[in-house]
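Read through the structures below before going on.
Shared chain: chain A. Partners: chain B in the first complex, chain C in the second.
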Partner chain A sequence: MTADIAFQALGYGSVLYLISVGLSVTLGLMGFINLAHGIFAMIGGYLAAVAVAGWGVPWPAMLVLAPLATAALAAVLERTLFARLYGRSELDQVLFCIGIVFIAGALIRLGFGPTLQPMPLPPALRETVQVAGMGFYAYKLLVIGVGVATALALLFGLERTRAGAIIRAAVENRGMAESVGLRTGPIFTATFALGGALGALGGILGADVFGLNPAYALDVLVYIQIVVAIAGLGTLRGSFLAALLIGVIQTLSAYYVPEMGTILLFSVVFLLLLLRPRGLFGRV
Partner chain B sequence: MGEEASPPGRFRREMARKHRFRLAEMLLPLALLAVPVLGPEYYALGTQAAIVALFVLSLDLLVGYAGVVTLGHGLFFGVGAYAAGIVSVRGWGEPLSGLAIGAACAAVCGAVLGAIVLRTARFTLLMLTLSAVFLGNAIANRASWLTGGVDGLVGVTTWPLLGRFEFDLFGRTGYAYAACVLVLVWFGLHWLVHAPFGQSVQGIRDNPDRAASLGMAVLPRQTLVFAISAGLAGLAGALQAEINQFAGLKDVSFEFSAEALVILALGGAGRLYGAVIGSAAYLIGQDVLAKDNPALWQLWLGVLIVAVVLFAPGGLLGLLDRARAR
Partner chain C sequence: MNTTPITRRFALGVAAAAASGRLLPARAAAEPVKIGFVATMSGPFAATGEIMSKAAQLFLDTHGRALLGDTPVELIVRDDGGANPDTAKRLVQELVTRDRVQYVAGFQWTPNANAVGPLLNQAKVPCVLMNASGANTTRLSPYFVRTAFTQWQVCLPLGKWASGTRGWPKAYVLVTDFGPGKDAEGAFTKGFKESGGEIVGAAAMPIQSPNFVPFLLRAKEAKPDVVFGFHPGGVQASSFMKAAAEAGLREAGIQLIGSQDLTSEEELPNMGDAALGVITAGQYSLVGDRPANRAFVEAWKSKYGFKPVRPNYMAVGVWDGMHAICTAIQATGGKADTDGAMRALSHFATDDSPRGPIRIDPATREIVQNIYIREVKPVGEELGNVEFATVPAVKDPWKDLNPA
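For the complex of A and B:
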């Protein structure tokens, strides 16, 4: 039972981490409150579902192709639209994002209808795998694997590579980074695109938890905003732990007090933010 | 240099100029009078527009004048609606006291929540208000013995207004009632934002550090504005519950809160007419476009918001200003 709950929580947390990590980095980097980040998860999910069901593209291939396509789209959107909003008032940023979410949701609804879009999985993933005498759902194992691998890769990339050092410098002090000759514009675009790609990956993997529908962007929005708020801005470790914490709360309440789940989650979030306004792992 | 040119005199003249009665302020009552002329089939739309305008006005006070961006204002609308509705279900359907109860409950909630969330800023503040409205929605959903849960609060009865005017089937009394409340709040807010208190709140919005260094009690003033704004939102909610004789989960939702922000931005935040014009334009647009294809309406709305933010900050009224300045 305990192992089962831990397994579920880890799977849920992995999805949340993938979708929210891009938001956390862009928020820390550009100070831009991107309430529209969930559209990348939605776009990735729909791309994969449509390509697998309609065109017969293998699901594992879409796990790579959909994030790449989403990254390209995210880069274009950042250059043409989002970049105009950096440094604008909070109200403008919030409204702009609401508008983008409306547009994306409406387009999806016009194109694919208001109903739930099924995500066809390869049969091998729908089986139960025996590990150390316990049965695990293979799909969840994959989700956890991808989540943990991404977390480790990002941590390594950000702390041990040159590109990571540049991003950290830009987050720490944008003005200083610019005055030593770093061009922050392309850095912003690249991180935005990377965040979009990871969001798409999370959107594909999370399709079974949240259910692919035209309101997908809004459905995941609340949870990823919570993760980022609790973690604090721009901390990768924090994002992973916060995603895990939300996963644990959600899974535990689903097991023991299903009817109180939402109340419990938002009460905890409210209390945490009250006690630690900068998040659990944010720098003061 | 007479007394008139000295700063106190200038200040007095400036205040007098702001408080002066302007003909433009009669536009709202006149527009409200136009609905009965159009015909009884417009009462329902007019009532809805008046209620939404009231709600957006309350949001304008907080977002436009105090500069506090919230994603959870629907919480207070819902508290007002449920409070008035529950009192009525339990056997007290007098409309005016119902309004007062709804507004008071929402104002108390606003004072408590404001005192908590205003200690934070930006992203955290947004998240706290967002969590608050989701929490409110979950509680309203869960406490079905009190609120009716998913089905909504049914069995609300509203007694005749002032003991004389029945709420009729055509919605004439309902419309007149909503219009009167809106006009009263409208003039009240007009007075408030030009009063010293309203001016100081705008000063805090423009430069909180400077306001604090001038000796202004920043947090208490913002909390008071938060409570007033919440109370007015509750008033709008109570009004809706009494006229529609129903309160539902939609009244206390993030979607409704976001919708109100959108309406405010379309009209123009930080000015009272923005809230009213935005509400009218939004509801008419929705009435005309959303009937056939809600997705298409959502698409155009999204495009419109993005265009307003990028090209016309200040909304419809901002455009009007710029056209006039040219």
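For the complex of A and C:
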């Protein structure tokens, strides 16, 4: 049973990580608190669910195609809408994002109705896999695998590649980066698109936890913000650990002290932020 | 000179007043009887408002017309946006003072309904509760009549049936941590114990919890024969069913049972195989085999189709509620006569509801109805809640257990 609980915590943590890491990326890079980040997870999830259920596209194909399509949409939205808000006051940014969330939710409701959008999974993923004498739900194994792989790829990509170096340079000092000849505008667009793609991946893989519905972006908002705040604004490394921490706390409290409800989670978040206002890995 | 200067604001006011019909002289021949309908038309629970308002309009367009002849009726739908008591209060105040409605109806949320009780007492306007299920609401004003249900009415018979008739000895109770969840827990526990069953554990899940697997794993540990689950329904119910499948309740030989919210008709298609074999209690099933229900479902299908929403117990609560209101309008000849309307409403009875025979108990103004025990089975190409046992003419037990 302990293995079961640990497995659940890891699975839930991975979903939280995938949904929120995109926000960490854009926040770190552009200093723009994109509260509307959840819409990319929602759009990715709906794209995949509709394509698989309605048009018979295989689920694994949509796991790749939906994030790509969402990335393209995110890039367009960044150019046309979000870019106008860079450097504006925080209130402007927040109002704008919440407006986007409501518009996206209303459009989804108009197109797909108000009820849950089911995500059909391939039968192979709904099996229980035996590992070392214990049964694991195959789908959760995949979710955990993708979560860990994404975390490693992001870390490696930012620390060890040329593209990563460019992004880091643009983040550290935009003016200096521009004066050595980097065009930061396209870098921002590309990074925003990457954030959208990661969100879409989370939306698809997390559809069994955060059900796809028109209020999705609001459903996940609190959790995304907790992960980002605990991690430290804009750190990628911290996001995975923060998501894992939230996953562990929520799963353990539900199993051992269900009567504590969400009190435990929010108390821990409260204490952590009291002790480390910049989060676990925030730059001082 | 005392002339009023025509400022822009004044002009706007005139335009607004004209638009709202205030300045228009002599309306149509007969003044329509207005029904103020409060439901949740936006936000995360918008699906329920859509179901409720569609059901109301459907009744008025079909049976309503036959009942009322050429007495015109106007349905004024207002959006409370969710469990917002203050909003509900403001809406009802506007409906009563500005729109001059003769009846108030709808209400999904118990807190919203409770908040308008004092207003009804002042305004002396009848209010038909078509979905709010908090047991004490009808005590808060003599102008409340309920055509919905109460959690006690549904869950107490289920508890008795589960341990008494069906003979399951041990149950684990898992409810959402809010008013109706507590009602469901209390009612099921009482019924289950009275018929000799034992409750081996209970937990209240936070209402906004997205991940139910750990709660269900804990329940599985306690090795009960049944897990009783309660949910406010909607999207969360689907997540809960998936979690139950993932936690392996079925493989462990544990039966999942609950109130009808667990397998509500509009989410059932989204639950898939995870819902198969789940046993629930409720007053209405879409696949209920009654002529009145077949006619009701056909009427819905031809007017709205089954996308995006299909009729469920909420739709029927509204359908019967509108039936009661139309009967009252008929009895009072469409005149504003609160006493006459209340008399008609609290004696309303019909054998031809989609849910079977129903009546209002004049003493409590609560509905008396059959509670059906149902199992999720394939019906044609889809899943349905198939009724297989009936507890006839159930009164709200809470009123007897808690005398005023």
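Some observations on this one:
We take it that the second predicted complex is superposed on the first by the 283 of 284 C-alpha atoms of A that agree within 3 Å, B and C clash if a C-alpha of one lies under 4 Å from a C-alpha of the other, contacts with A are read in each partner's own complex, and residues count from 1 in each chain.
Going forward, a residue touches a chain if its C-beta (ideal position, glycine included) is under 8 Å from a C-beta of that chain, and two chains touch if they have at least 3 such contacts.
Predicted model, so just to flag it, every value in this text is computed and none were measured.
When both complexes are overlaid on chain A, the residue A:Phe270 reaches chain B alone and has no touch with chain C. Contacts of A:Gln250 after superposition: chain C is touched, whereas chain B is not reached.
With both structures placed on the common chain, the touch criterion links A:Glu90 to chain B but leaves chain C unconnected. Looking at the shared chain after the overlay, A:Gly99 reaches chain B, while chain C stays out of its contact range.
Once the two complexes are laid over each other on the shared chain, residue contacts for A:Pro122 go to neither chain B nor chain C. Looking at the shared chain after the overlay, A:Glu259 reaches both chain B and chain C.
Looking at the shared chain after the overlay, A:Gln225 reaches chain B, while chain C stays out of its contact range. In the superposition on chain A, contact of A:Arg109 is made with both chain B and chain C. The residues of chain A shared by its contacts with chain B and with chain C are 109, 114, 214, 218, 222, 259, 262. Put simply, chain C touches chain A in their complex at residues 43-44, 46-47, 50, 177, 203-206, 208-215, 217-218, 221, 234-236, 238-239, 242-243, 246, 248, 266-267, 269-272, 307-309.
Chain contact summary for the complex, chain B toward chain A: residues 63, 69, 71, 116, 119-120, 122-124, 126-128, 130-132, 134-135, 137-139, 141-142, 254-255, 258, 261-262, 265, 269, 295-296, 298-299, 301-306, 308-310, 313. Per the touch definition, chain A reaches chain C in the complex via residues 1, 4-5, 8, 12, 109, 112-118, 128, 135, 137, 140, 208-211, 213-215, 218-219, 222-223, 250-252, 254-256, 258-259, 261-262. Contact residues of chain A toward chain B in the complex are 27, 33, 81, 84-85, 88, 90-92, 94-96, 98-107, 109-110, 114, 214, 218, 222, 225-226, 228-229, 233, 259-260, 262-263, 266-267, 269-270, 273-274, 277-279.
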